[in-house]
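The block underneath contains the structure these notes are about, expressed in structure tokens.
Should a chain be cited, it is by its letter among A, B, C, D and E, assigned in written order, with residues numbered from 1 in that chain.
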């Protein structure tokens, strides 16, 4: 029985989203297993992400959420199992491979380079060169341009306390740093954006703006995986919810099929999602 | 006009807590200023923490919350201003000084040593020696004992996915790591416990247990400073709420005097806490 | 600021102090330390303002080149140098082109006319004396030889001259006379009464005690029956002896240097014979020569048949053998250097 | 209370514009200003102490003395910026030098060809380092410690340990020792080449994406990797480029020493690392500017040259240099930290 | 679906108990098993290659040859664990050795007193390093580079550059070169002292709070500081203890070389660092075990000794050692990483 069946069986198709679920998933995982020494990280996990949907992943601490998305984005190489993009098996050996395939990720341990400034981090591995021969021949960076656009991207997330884009990321507050990482993913994701607890360090207003941004990205046609411990946020934006428990998939629900309490109950093991419930 | 007046003027004395506010604050800050190059971190901030209370600190990203508690706990040395413990000026030159004075802190960028295991981190700088001459003469550590007690401390926070106390902290999930830091502060705080976003990475259940623990600590007579972006959490446990805005103190309220919406409005500058409101 | 004049030349004409730099290979080898000390004393006598410099360690050509340039910039009149290798030849030439007198000590450069003159031990001869003496001592017995050389990662003339000179003295065919270790490992030696020989090892001791010990240990582990040990210099001999002692073995040790410590070892029987060198003489002669030439005097001449001025070498041993000139440890102690 | 806030902020704003603050800001923005200042102080002191120091001639010599190590230190800076270390600096230089010289000896091969072969060899030697670091995942210290022995041994075995005098070599191999004089100030082509290398690599580090990657990989390799920086390719490139730079140093050295010699600059490792570290680059990677390295190399050389011009003896010079290095770096730290 | 999960978990559980998995687990828990294994392989190879290698006599010699560097490397390990580096290792040893020997020369002072003064001096020299690192906040590389020069110069100036033969020294200063034999296997007191130092420091590192602090300070200085670890005190202690250990090495060296000599072990820095790094300790601090250092020192010495017993020529030995170091560390990494 595949995850597809499960979801239809339990969560059903989210209201008003029927169309996209007849398409092929843009990203799928089949029976992913990964172990660290004696610790089992993932224990045969399936996942499907459809075009234009927001798939939330929830689960207790240590349930394997971050490990799962690391496997999906090339940061970890699973011991076994398969990853498919648009139905084709893919083998991401490194995060760069996933980026090339259009998957942009905000990792939980924010992948920012401490000594580099905000603009450099935002454009890291995505640098823009100057116009003309200075750029094409001498490969000179368009520093001014990148700084200006970085400022706009950060502003869009409502972070007003950052005073200049030349500040080293290591001197930023926790939330400011997270905003940099989120802004980067939002700016560059072309097909899939994966966000591992993107609002954990953000304030009320800033969180709201990130949720808004996520919806906009979805409406723009991107697919999104959102990991969060904030249930109201999840129920607000998610189309479907993948519940991870003790390294395994406990089931897929939708905000329509289950309420927050039920979701949490499944997540903590208080309730089981019976195959025919 | 002092913070004390302000609070009485606006927040008033929290219901049922009248007694403690006639005592001397256990920890106070007066006109703290700190700058980083051209960035103003704190701009003359006052703070009072009374015995046996939970003081929440809220504010937008970059408002100076972490900077404030770093100054209070010896991690930063303020450029000017005064810190008092029980009315006596103190000069913490390093975090260890604050610890010696009974202040235990969970920093936002969790101060855990990546390569050390969970038990070692929990007991870092608090090690216990073996009984008998092995401990007193040879200063041998009681590794077994510390591991056992560490396991219990972690369990108390509801983290069930940690499989052994000998696991290096760098291999833990974000939430597991946070749990280690919180468990440490809870175990060793003797007068004041400072928690900078202690539940940011925690799951629903685990967050709940940490809030429970915070209340227990308070009920046990400790004073607590809690920084959080989670307004429901704050309104649930805080006795008073210090609102930080753009590096300065915007006012002190209580959950009784203001509701969440008002709190957020003050925090974001949508509403001002007029001296005579 | 560029033309503040040169204080050393603005004195009282002919009697003004002249600047001279002494550049040794390193500053830790007792031999060079003695040379520096001697030179300092001679400097006062000759009204010379002496600056002492050296490479950081054996093999530091660049350090010597820098020291030469420094001397030129300082306006010195002459340089006394124990050239590290041919790598410094060009700089010595540059110094001479700039009008300085360059005198080599201890190690003749190749070609010899790179410098104005060299005052040195005949290192080939030094090794040769050791070899002849050792062959005679063996008295026809089979020779089981350990060769404790200077380096295994650099090629330096004293290294092969002494090693190959020693083997030549023993009467062993050395194949390429400028290459250590390419001779047959076994065969016959013709020195003394003649006999068979085995070369157990060529090991590098870095010219120091601890290196000498490690080298000798390796040799002994290969063949515990070694009865003849050649060492590049006396510090090496000390280490080699410590190793023999620890292993409870005895062997004839020969060496080069003749420092006071080395001569004492000869007296106590630890070292059988050592070829004594005269670093102070090198320094003195060099200093006098420069002082003289710089004040308009004449250049000294090289020793007959050699392209350098031979400062002499004498074999110090208390077991004199026929056909090899030597002096006793008592005599050696009177003219030794260092402590 | 809002009064307090405003006044503190205002006070701070005032302080911002005090001259000391402004100097401090410059020092933060341009971290090499402080070593430059130290160098200047050293110049003034030596100028007062000895007449032969600040002459056109001496300055030319000082630059010549600095050129080879300063060039090596460019490669070393690249490697250290990636949180690596290169102990094979000197070995690659010597190997290249001996191969170039042996090939071209007495017209055996045209100078240009010999030079090119040397460059390719150095590039390969650097690439091998990079390969071992990136593919076999070995610590750079171990890799370059190993190749230090290997390249040194090959250089010795190949050259038979003998040096080759300039007179046996084609002009091209010697040309970097030649130069031109501006007044009494003699500049060699070697110095010119060194300056060009600083300019080119400095440009690459500060103005191109490649340079950012070098910093990123050194500062936080995991974050760089997760951000999509092609870390392994960058590392491989760094070691390879470093090899190439050591070949240029080899060329300079032939001109400078007037010979190719297998035992040149035995402490090239320590000297090049010292220039980098005194220049303010962190041994932990990711932090530093290239121009600092040049200043670092100049500071060390200036101390030694100045003391030697003063006629200070070797032992005392070693002592003084040791003390001065510590004092210089302490002063540097202090200057940067001063609070108004 | 629950089926899938269970079977994957079960499969994993099965794999856990395969022999390979168990070996792997041991390798992770005891990282020094893998260098130990490599050492064993080297022994077997040399045993087959040459009859003189695996004899009681040779083994005694091998240990004696390793002792001094292995002792120095204990101090170096402490420093490197704190993410520092000590370039003054050899300088402190030589300075101590010359002072001890000069004082006691020809009965000038009782051996014990001279020894104690030497120890105090080394302690002070180490403490000065620590002071500069912790109070003036200078990078350890710079500090010890500076004191390397300073201590070396003082040693030379003090001793006049002359060595002092054992025959002029009291028995106590020489005693570590003496020993006893078990069959043909000769152990010196120097080896015994070295083993004791490993035991004591190893105990302190693994069993005491102090040891944890050393690791913590090296792994994440900021986290350690915020956790209340007295970082500066620990660093100061580390450099001071390291100084003391170098004094012991000086004592061992007098016994071994049969003389106190100012140019002993010129590459003590590189040798001690090499032992530490080959032993698996990270140059970035916070990771490593002391016993690895001993194995690292033994591996290098075994390669050199074994090759020399095989009669390999000098240049080729340098070449082979270089290659073998890289291969050994690569094999080490590979062994640790093997997946079932």
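Keep in mind that, in the parts below, a contact is a pair of C-beta atoms (placed from the backbone, for glycine too) under 8 Å apart; a residue touches a chain by one contact, two chains touch by 3 or more.
The model shown is predicted, which means the values in this text are computed figures rather than measured ones.
Both chain D and chain E are touched by A, B, C. The minimum number of touch steps linking chain A to chain E comes to 1.
In terms of C-beta pairs in contact, C-D outnumbers the other of B-E and C-D.
Seen from the Cα centre of chain B, the chain whose own Cα centre is farthest off is C. In this assembly, the C-alpha centroid of chain B lies 73 Å from the C-alpha centroid of chain C. Centroid to centroid, with C-alpha atoms defining each point, chain A and chain D lie 43 Å apart.
With centres set at the average Cα position, the gap from chain A to chain B is 30 Å. For chain E, residues touching at least two other chains, in rising order: 156, 315, 318.
Among the residues of chain C, those in touch with two or more other chains are 27, 57, 153. Across the assembly, chain A contributes residues 38 that each touch 2 or more other chains.
Inter-chain contacts, as defined above, occur between A-B, A-D, A-E, B-D, B-E, C-D, C-E, D-E.
Per the touch definition, chain B reaches chain A in the complex via residues 36, 38-39, 59-63, 65-67, 108-109, 159-163, 167, 171-176, 179, 197, 200-207, 229, 231, 246, 264, 267-268. Against chain D, in their complex, chain E makes its touches with residues 83, 85, 87, 132, 136-139, 141-143, 145-150, 152-154, 156-157, 270, 273-274, 277-278, 282-284, 315-316, 318-319, 321-323, 325-326, 329-330, 333. In the complex of the two chains, the chain A residues touching chain D come out as 75, 94-96, 99, 105, 107, 110-116, 120-121, 124-127, 129, 138-141. Contact residues of chain C toward chain D in the complex are 1-7, 19, 27, 49, 51-54, 56-57, 59-62, 65-67, 69-70, 72-75, 84-91, 93-94, 153-155, 179. In the complex of the two chains, the chain C residues touching chain E come out as 26-30, 32-33, 36-37, 57, 152-153, 181, 201-204, 206-210, 212-214, 217-218, 220-224, 235, 238-239, 241-242, 245-247, 261, 264-265, 268, 338-339.
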